[in-house]
Amino acid sequence: MKEIKTIGVLTSGGDAPGMNACIRAVTRAAIFQGWKVYAIYRGWEGLINDDIREFSTESVSNTVQRGGTILKTARSKEFLTVEGRQKAYENMVKYGMDALVVIGGNGSLAGAMELAKEHDVPVIGLPGTIDNDLYGTDSTIGYDTALNTIMECVDKIRDTATSHDRIFFVEVMGRDAGFLTQNSAIAAGAEAAIIPEDNTDIDQLANFINRGIRKSKNSSIVLVSEKDGGAMHYAERVRKEYPQFEVKVSILGHLQRGGTPTAYDRILASRLGVAAIEALQEGQRNIMVGIKDDQIVYVPITRAIKLDKPIDKELINVLSILSI
Amino acid sequence: MKEIKTIGVLTSGGDAPGMNACIRAVTRAAIFQGWKVYAIYRGWEGLINDDIREFSTESVSNTVQRGGTILKTARSKEFLTVEGRQKAYENMVKYGMDALVVIGGNGSLAGAMELAKEHDVPVIGLPGTIDNDLYGTDSTIGYDTALNTIMECVDKIRDTATSHDRIFFVEVMGRDAGFLTQNSAIAAGAEAAIIPEDNTDIDQLANFINRGIRKSKNSSIVLVSEKDGGAMHYAERVRKEYPQFEVKVSILGHLQRGGTPTAYDRILASRLGVAAIEALQEGQRNIMVGIKDDQIVYVPITRAIKLDKPIDKELINVLSILSI
Amino acid sequence: MKEIKTIGVLTSGGDAPGMNACIRAVTRAAIFQGWKVYAIYRGWEGLINDDIREFSTESVSNTVQRGGTILKTARSKEFLTVEGRQKAYENMVKYGMDALVVIGGNGSLAGAMELAKEHDVPVIGLPGTIDNDLYGTDSTIGYDTALNTIMECVDKIRDTATSHDRIFFVEVMGRDAGFLTQNSAIAAGAEAAIIPEDNTDIDQLANFINRGIRKSKNSSIVLVSEKDGGAMHYAERVRKEYPQFEVKVSILGHLQRGGTPTAYDRILASRLGVAAIEALQEGQRNIMVGIKDDQIVYVPITRAIKLDKPIDKELINVLSILSI
Amino acid sequence: MKEIKTIGVLTSGGDAPGMNACIRAVTRAAIFQGWKVYAIYRGWEGLINDDIREFSTESVSNTVQRGGTILKTARSKEFLTVEGRQKAYENMVKYGMDALVVIGGNGSLAGAMELAKEHDVPVIGLPGTIDNDLYGTDSTIGYDTALNTIMECVDKIRDTATSHDRIFFVEVMGRDAGFLTQNSAIAAGAEAAIIPEDNTDIDQLANFINRGIRKSKNSSIVLVSEKDGGAMHYAERVRKEYPQFEVKVSILGHLQRGGTPTAYDRILASRLGVAAIEALQEGQRNIMVGIKDDQIVYVPITRAIKLDKPIDKELINVLSILSI
């Protein structure tokens, strides 16, 4: 195995708060080892098009608290092709990169695996996504911040919901995963959460109404995952089936991705970034570094992106008890 | 003129942050005078339906920082009728209310004037609306908080907008008034604002594009007032007319109404609340108490709700210079 | 074992954000079981002096987001005596309380154990303290919020620290435990943390200076635990031993205890509150309900309050690598 | 009068949130005119030592929301001497600066006047200080943000103050001016404010105690200006003279200077920055640009720094009524 002296780092896919804290940790931990660090801009697109510059310790000063990603991110169609990945590999060779650290979600880590397999390049993945949908890690960088952002938005909506007497359907991000929806519903004291994982025959809306919406309450807030039509779909159903209720919809949208990261995300990002460099030093490759029981763990990337992470039934139970 | 010993206080129309700080000030200033205070719940609806209870100093403890309105608010169709207002008046008589303090926007103050005219009741209006569209006062209770809420949302959206390379159209509340849109665009460092007041023949979107969108910039944020189709309308135009740009839409929605009030709104609400009681003591009636040049002023309600408040051209100039 | 039909709930010791979310969960989960809930005000003091009232589902409405504790808290000298605890027990009998749920830190749970032993009363402890110093639980209610509050304060101090060229010593709460100091240092991007656990012969300050303070940096922020003289002590040492540096001190103080709880703390508090009622239903007694590996666990109170929780060396390593 | 083609901009004295928004506005408005902009680092110190570089439109991208000052600031002893100012002037000549824009407080503007008088250089001052103690402008850049920061801190302290039953003395910045103390007391719902302007024979503390501290309240928060011993002094007096009360002290310290600026401060900073360039274009010199009645005004620097700005008695009245 070749000794590592130079690495590249990039962010890919949707941006997530804490990515900068992670870039900072990767950069400084590598320099601490005496390695050289190349920052690759705009994800795979930048690796293909040579949008690359060397980073020093100072390059990441004053970034731990900033949202978004200073390396920018982009979707790359070219990288989905063998030719695109060949070009990417050639730039790695050009800069003498011995390994790559890739911060991103499902699709980004899948791309990294392709490159690793075709060109025998050591790759370390770090889970950066607000969706928390990667298997093998308790949390992903950005999830805790998005959770708090959603909660703060719902706190504000509750002010107006209780001032009037209304049902609010609030649509939350998370792609196929209901973690953000379920947990922000508990945190915000919402009355119900409608999530993709609950794909039984049970009609979640009818269930909520029948459980006695507004029996002892004058207003209700229901969080809805973006999948399957989202908040608008359920609001229309209520308007048709239960016209006695006044209904409002709020789609939180892209603001859920931004903002200064929470303490949890900054610490997680810092720990994972340092651990990625240690993993490379140990000769690890093609793994995702995650957190499990507050300890650093290594997960084969192939498992991290393929297996489903289930939602704990306890959480569903907690929400239904607390909304009485 | 009858000496005042008992007042009623209510909030009406859309809720606005700072209304609670204002209710607190009205209550304590009246009690400080030795008066009795009746809190009327759910606006005019509560005055008609006798949803009323007496307030003490403690009733408003720990409310200065809370969003929404503890008195709740509602739209009342019945109050729009002569019979409805007759019932409302009868409840005033029942409780011995010598005057009313009404916190709300345009419609609420218009309703107060009707009641005042028909039943010769002294009424003091206080400007409570995030829209800042009342004539005769530099600011309204809730406007500064909404401005900051919008700015914080756009700060978050900017994180993701600059991480990718996108144009964002963000839709902002304000009904027919562009204050929130124009000023939050300056505060958030947005590239442009499209407001109802700018109702000239000029095509604001074409103007923005031609001014050189993304010339030196990789992302753009345009704030759009909710009127006339809002953000969705402009996003669709860009998609059709300028397909080279990637466009996203965010509709901020009801969260703009909520949240803990800013220092400015709490101080404004406190000053106006105290001033309303002083105005009643002086024998004033059928006026709105406002703020002008940081001094308390009285404005005839009829003028406050009828005249338009213009947007300063200087602000439009500032935004266009700063977005170069 | 007697079937439980009625419980009391109290908060004791220092207040912590999330206590209200926990009171809410305990109350609603008990009512969900068909039990009666008595709220005991001002901790043990209120149990002794009969400062008690029944709670309904509505009693805890709109509290999930509020800091502090609606049950208030107090230090009780009388409860430290056998006679005091006898009076407390008599009030439990008077109200027919079959069990107690006690939310608090080390001292509060120790008091609960005394009562349990002397009067054979089932007691469930819930970890409510910003210090995170209870054994057997990964986190305590309030810790995550305090961590974020400290981080936000240090973010602000960094603005002024980097604008001038200064060393700031910032003093952080945590009693004998360095969790808040160590982790907020990582989160805030501070240059060093001086914590009680690092009680070796090594001089932490000299260590920090020799590691090359301000070598590549123009300003430094050092977080210091409140123990052993705190920030003032170290600032004075720098002024004497390294007079070339300009030094400032900031003691964060009581604001670290307050504020609306974070999502993590609200969810943790909600889960623990529901679990406390389930534990009672299962016949558990004299345990603390905690969280371990994101799962509910039961810990004998005697162990929770006696054993030390160590700080992970990995975190100390992360901070020293990232501050290069 | 010489036509202006090149300007220098600097920040001096204590940093204030919004300074970056102002630097951005000055830079872009000048470039909009076709002028050249030199950024001077570390205040007068940088003008003397040639710590200067040219700014483009991009130099100030993404700064509108950042606290502190990207130009840094420092106290300069050398600039207090004739020789120092001579060196500063020589660097102006070297770079061809036709005018200076100086953002800062009292001392900074006084320094600017000295330079202007000795070397016949056009200088425009912009009021940048959290203290709001400059005559001729309703507000200064940073004041609104500091007000909100203090209010948020006191909101947190109130959580813990009401959970226990305590008097808190909270010490607030503001040098010789009580604006921050008085207004944050109203905003935070504090029970009293002790300010330097109230320098009558009346004992403000005795006054507060006699007005019936904790009569109907279980906790009290008193804000105290930093002058004359501050919070510690009053806490000690209470401990001696009124030992029946439990007293705590909190000194907010340097975090009051930091943080992302509020909407008000960003808009004010943007308007003043644009207006400074317009003033230079009109041939103005040796004035401070301020805001009065929401309109841009010019104030001779000599007046701005010499005259006292009084606190409105109405505000003192409002606080004492609302704390009943």
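Labels for the chains are A, B, C and D, by order of writing; each one numbers its residues from 1.
Criterion: contacts are C-beta pairs under 8 Å (C-beta built on N, C-alpha and C of every residue); 3 or more make two chains touch, one makes a residue touch a chain.
None of the values given here were measured: they were computed from a predicted structure.
Enquirer: From chain B, which chain is the farthest off, judged by mean CA positions?
Expert: Centroid comparison gives C as the farthest chain from chain B.
Enquirer: Need the CA-centroid distance for the pair chain A / chain D, whole Å please.
Expert: Centre-to-centre distance between chain A and chain D: 40 Å.
Enquirer: Go ahead and note the Å separation of the Cα centroids belonging to chain B and chain D.
Expert: Comparing mean C-alpha positions, chain D is 29 Å from chain B.
Enquirer: Measuring centre to centre with CA averages, how many angstrom lie between chain C and chain D?
Expert: For chain C versus chain D, the centre distance works out to 36 Å.
Enquirer: For chain D, jot down the residues that touch at least 2 other chains.
Expert: 155, 158, 162, in rising order.
Enquirer: Can you identify all of the chain pairs that touch?
Expert: Pairs satisfying the touch definition: A-B, A-C, B-D, C-D.
Enquirer: Could you please specify the touching residues of chain D with respect to chain B in the complex?
Expert: Chain D reaches chain B through residues 24-25, 28-29, 31-32, 57-58, 61-62, 64-65, 138, 144, 147-148, 151, 155, 158, 162, 183-184, 186-189, 216-217, 260, 262-264, 266-267, 270-271, 274, 292-294, 296, 312, 314-315, 317-318, 321-322, 324.
Enquirer: Sort out for me which residues of chain D touch chain C in the complex.
Expert: 11, 14-15, 17, 66-69, 72-74, 149, 153, 155-165, 168, 248-255, 257-259
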